[in-house]
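Notes follow once the structure below has been shown.
Each chain gets a letter, A, B, C and D, in the order it is written, and its residues are counted from 1.
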């Protein structure tokens, strides 16, 4: 393979068709309350970890729902599991279980 | 796909195209990229259609590349464009036709600006007068050379010796049309068929017997984008754009790509080589690429001109497979001979792209 | 004649079960860590042994705790355990005295009436009453049978025994139970038929019963009696063989557990020999099913300790069973065997999340903590109930205490939620970060408003400073007379947060403090019996609806007496109740703060304040 | 003051107003352009949020059509004269009607999705509008619509022709959001295994039970919502569609293939409304909908005494509110006709 001094850029676009929806479906089965998320961001705003780092649980969930799961493992490692997110969620989403379920299904899918 | 739906839209985007007395301005880059094209345009217009196409050797760049690369200020650009108009006026012409899509877009942009800001136009007139002592009238009609060919597509078809069909099977050839971004994306009303479903090339393909392929990334830019290509660090982005299109059109197994912009055929052609060298991937059948032609080259083929006079030998993706399908005769031996038959030497074959295909 | 083939099933079964028990005990004791091993060894040579023996007597034989839960249930267990024990004991005495030998084949006393049926009068029968043993043994047999009758009754009338849900048993358990139930009727029949056939040799029950049979059914003869001896021996034999594989393994294991406990051996964080003993000590009585709110409120009856522990024993723990628990500690409190169900559950959770790596490298490294005497830690949850923090600040300020708030602008989680989820390893980083901060402050007292934090501070942080919940601390300064405290006539109910009550054993301080500022009404389920609010961080998969039900049911319990305010001492409980409670929900700290005169012009900031002005009186404070 | 009331437009507003006015003993002339009363109710299947059959609502409205109302169908209006308070309405077929008051209830038209060229409506095979979907449901022809779909992934695009400067409509059409949610649920009932994706900018669940229906859509039916306006659609060789949208919640462009694309088309003022408003000289706002005399206290009268308006001529509105508005209009017409009260009203009017 020749090197012309530049490479072919990867696409930033979310390709929903090719993305991994298996993890999403597993997690949704394990925690159906995620279905009713309205992405208001209260969880992220109150997040204990969020005040020290860029951890954004709302975005973690959104990425999961788009099948963009490659970077999630690194993200959810930052969760302190304190449960504040759950207390502020206007739709009663069980967010701590999102972290657990995600850990597990990422595990299973070797991601 | 409902063709009648498209036709409805095409009806809405009819533009007036002059049919004679053209003032023709060339592109800065095309004569290096595809040397035969502009020559062929003049040959068709003058020899085939007996039209008056005037050229002035002292016309300059429109500075579009500099403008889009953010190194030429708009007022400078306007003044240079004003000068082109002045040359047209001096030549007693009113129908301005450009070989370059970026110029075409820019001329429209400038005229539109002047329309909304007459004071700017006035200032430019002053600048031009001070700098060159010239003054100008605005053209009555501005069209891109592809508009003109589109306008005469039926005449060309009538005179044509070949059609866009596989002469062995009689099936129409599958053609991808790619429009330069600056043709109608800025001013849909200035392009034949508008911006979403441009008809300028599709019309030629239809009338010359081919089948237009509509594929998902049809709208996407070829990737030239000036800064993207000119700055080496950005070329990864440029090539990614072309690749996106190839991936999207591959499944339709097109016989060729037809273009109307200086940059597009260049990059759609050369990037096929680059991608094959970088990833070993080719998009045509058995290691071949997808031939990329300019509308003049294609018109030339339809009219039965010698492929090597059209400059098809300088394409990176060999066009022989297309010629074979159309049944256009050619002398492989002459491909790399100069105008006076002198040997130009054979290019080194790429590692993956099938450059010397078996020919019929 | 001192042998007959029918004794073999019993005899072999006995040998098998004895060896099995010895083997398991040896293994379990072997599995203890060195510290516990020494405790065990020393225990044997200490008065603790007697304490153990007496507990074994009172609990394993008399089942005192069972009696406390329900008299019928207690009697049933006692009659079985104690009755059988006495049958064996007295039977041995009788046989030994009869044979005059000190050593007998072990089956001899069990089947004595088969081998001897003369009109013997034993030498030195107590008070030389003829046939005393025959009489006494029959009495014991009837006593035991009465237990059997209850046991059968319990199948259909479990509510009489205080059960709403009873355990669904496995096949082995059913087989074992059937044999156990057969043993005593078979013995009755065998002895009665024999007595009947011979016309003498039985006690008051067996003899008369035997005679009756002989009268009604002249055909009955020694052969039928012999058949019953076989059945008797068989049911014993099969019971012994199934025992190790059934719940009845709890009978021997429980004894060892009692010994361990009395020797000061405690549950470990990792699954150990002790845990194994706990697991096998579970009698699957099912008391934990009804105590569990996930059963009573959420209607899930399959995840309670009885099944959970069973799944550990069968080595097929399912995550959803392990996770489906609030770790509120009610079952632990109710377990008649005193198994630490919570620690067992957390141990199992750990096994699932071993490889869940966490990364808290983002935590700020060196932080400047101002030196202070008293350090106040609100905790994550308190930041969602700022009224608690405000109240605490007012109290501390009024008392003129030099304090600093450690998590003024946001807390690093204490780690307890991770521990509860079985991610103890991951929690350590957070703990370390907090410990550094706490120590850096040079404080001598750490006060927290969150029982969840309190528990982990006490159990896992090993801080060498005084860790207190704010209720304790406030009470202390009230007693020192550092704040002028007033009361107003408000009837309040107090909810014991799980982590504060069952978790840290703090029941009295909050109540004592409350009585100083309000009139405390009684609640049906309180102190160690208190319900969980439903907000527990220990629980993971339960749906919102089910959680809400838990909260609502508890509110019914707490608000039965229509208190004006529902008081708790945990931000999480407060937040959880607030969602469903019509009645105002407050933290104790808020009540105290509101009873204080306003500092620098600011007035108390809520309804309590307004009410107060009309109806308050000073209370004499002991200084 | 004793001539009948002429109502132009026999849709929901027109029918209800006619019923109310004639109930008070006033003679009513109801003119309808088409051959049938009912307006858009004739096109819908079931109504949000109760999923009530629209035919049922129509039956209720028809009950109000009593002898006091003379209905004239196929009424193509050629001219209207206003002889200080007496209105002469001429029809193209020569018929003529006189009235003491005029109520304009000519409603709205649905946006022509062809105007959003990049969405490919009328060009790609599987792009349809929400109105067409209602037709499918209405005639139980869903099977025709859904046959031959493999994966059954369906996209629903919000705000088509609404909140869009590019088509000259800056306003929100209000009912599309809830319509999208309703239709998503209906499709899911039909094809439980289908995946449904709604592409929205905001979800404007403005009325009672709407938010609950949205919740149901997520919680019970697992319908997905992606925040981002669709920029363009393209057709694949197999006639499925590639949708391009920015998923604004991840901040990344997103591309997905759907089998069917449903465009939630909004309201535009009906050409008839514009024409008649022109004849009568009623002012219309920048959005093309008609302007009322006072948006709070004279919300059905216009700058011209005796000319009243009601329903969707005033802007996007749901059926429930149209009926309420029609009743309010009836009241204003009646009180105008009672000249005493009319004077009093005018003096009362805030403007």
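One rule holds for everything that comes next: a contact is a pair of C-beta atoms (placed from the backbone, for glycine too) under 8 Å apart; a residue touches a chain by one contact, two chains touch by 3 or more.
Predicted model, so just to flag it, every value in this text is computed and none were measured.
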item: Closest chain to global C-alpha mean, per-chain Cα centroids; value: A
item: Interface ranked first by C-beta contact pairs; value: A-C
item: Whole-Å separation of chain centres (CA-atom averages), subunit A against subunit B; value: 46
item: Rounded Å distance between subunit A and subunit D, as computed from the means of their C-alpha atoms; value: 40
item: Centre-to-centre distance between subunit D and subunit B (centres being mean Cα positions), rounded to whole Å; value: 47
item: Separation of subunit C from subunit D, taking each centre as the mean of its C-alpha atoms, in whole Å; value: 66
item: Shared interface positions of subunit A, touching two or more other chains; value: 32
item: Subunit C residues counted as touching two or more neighbouring chains; value: none
item: Pairs of chains found to touch, sorted by chain label; value: A-B, A-C, A-D, B-D
item: Touch list for subunit A against partner subunit B, complex; value: 1-11
item: Residues of subunit A defined as touching subunit D within the complex; value: 12-17, 28, 32, 35-37, 39, 58-59, 62-63, 65-66, 68, 91
item: Contact footprint of subunit D on subunit B as seen in their complex; value: 1-2, 5-6, 8-9, 194-197, 214-219, 251-252
item: Interface residues, subunit B side, partner subunit A - complex; value: 232-233, 235-237, 239-240, 243-244, 274-275, 277-280, 351
item: Complex interface listing, subunit D residues touching subunit A; value: 215, 218-219, 222, 224, 227, 247, 249-250, 252-257
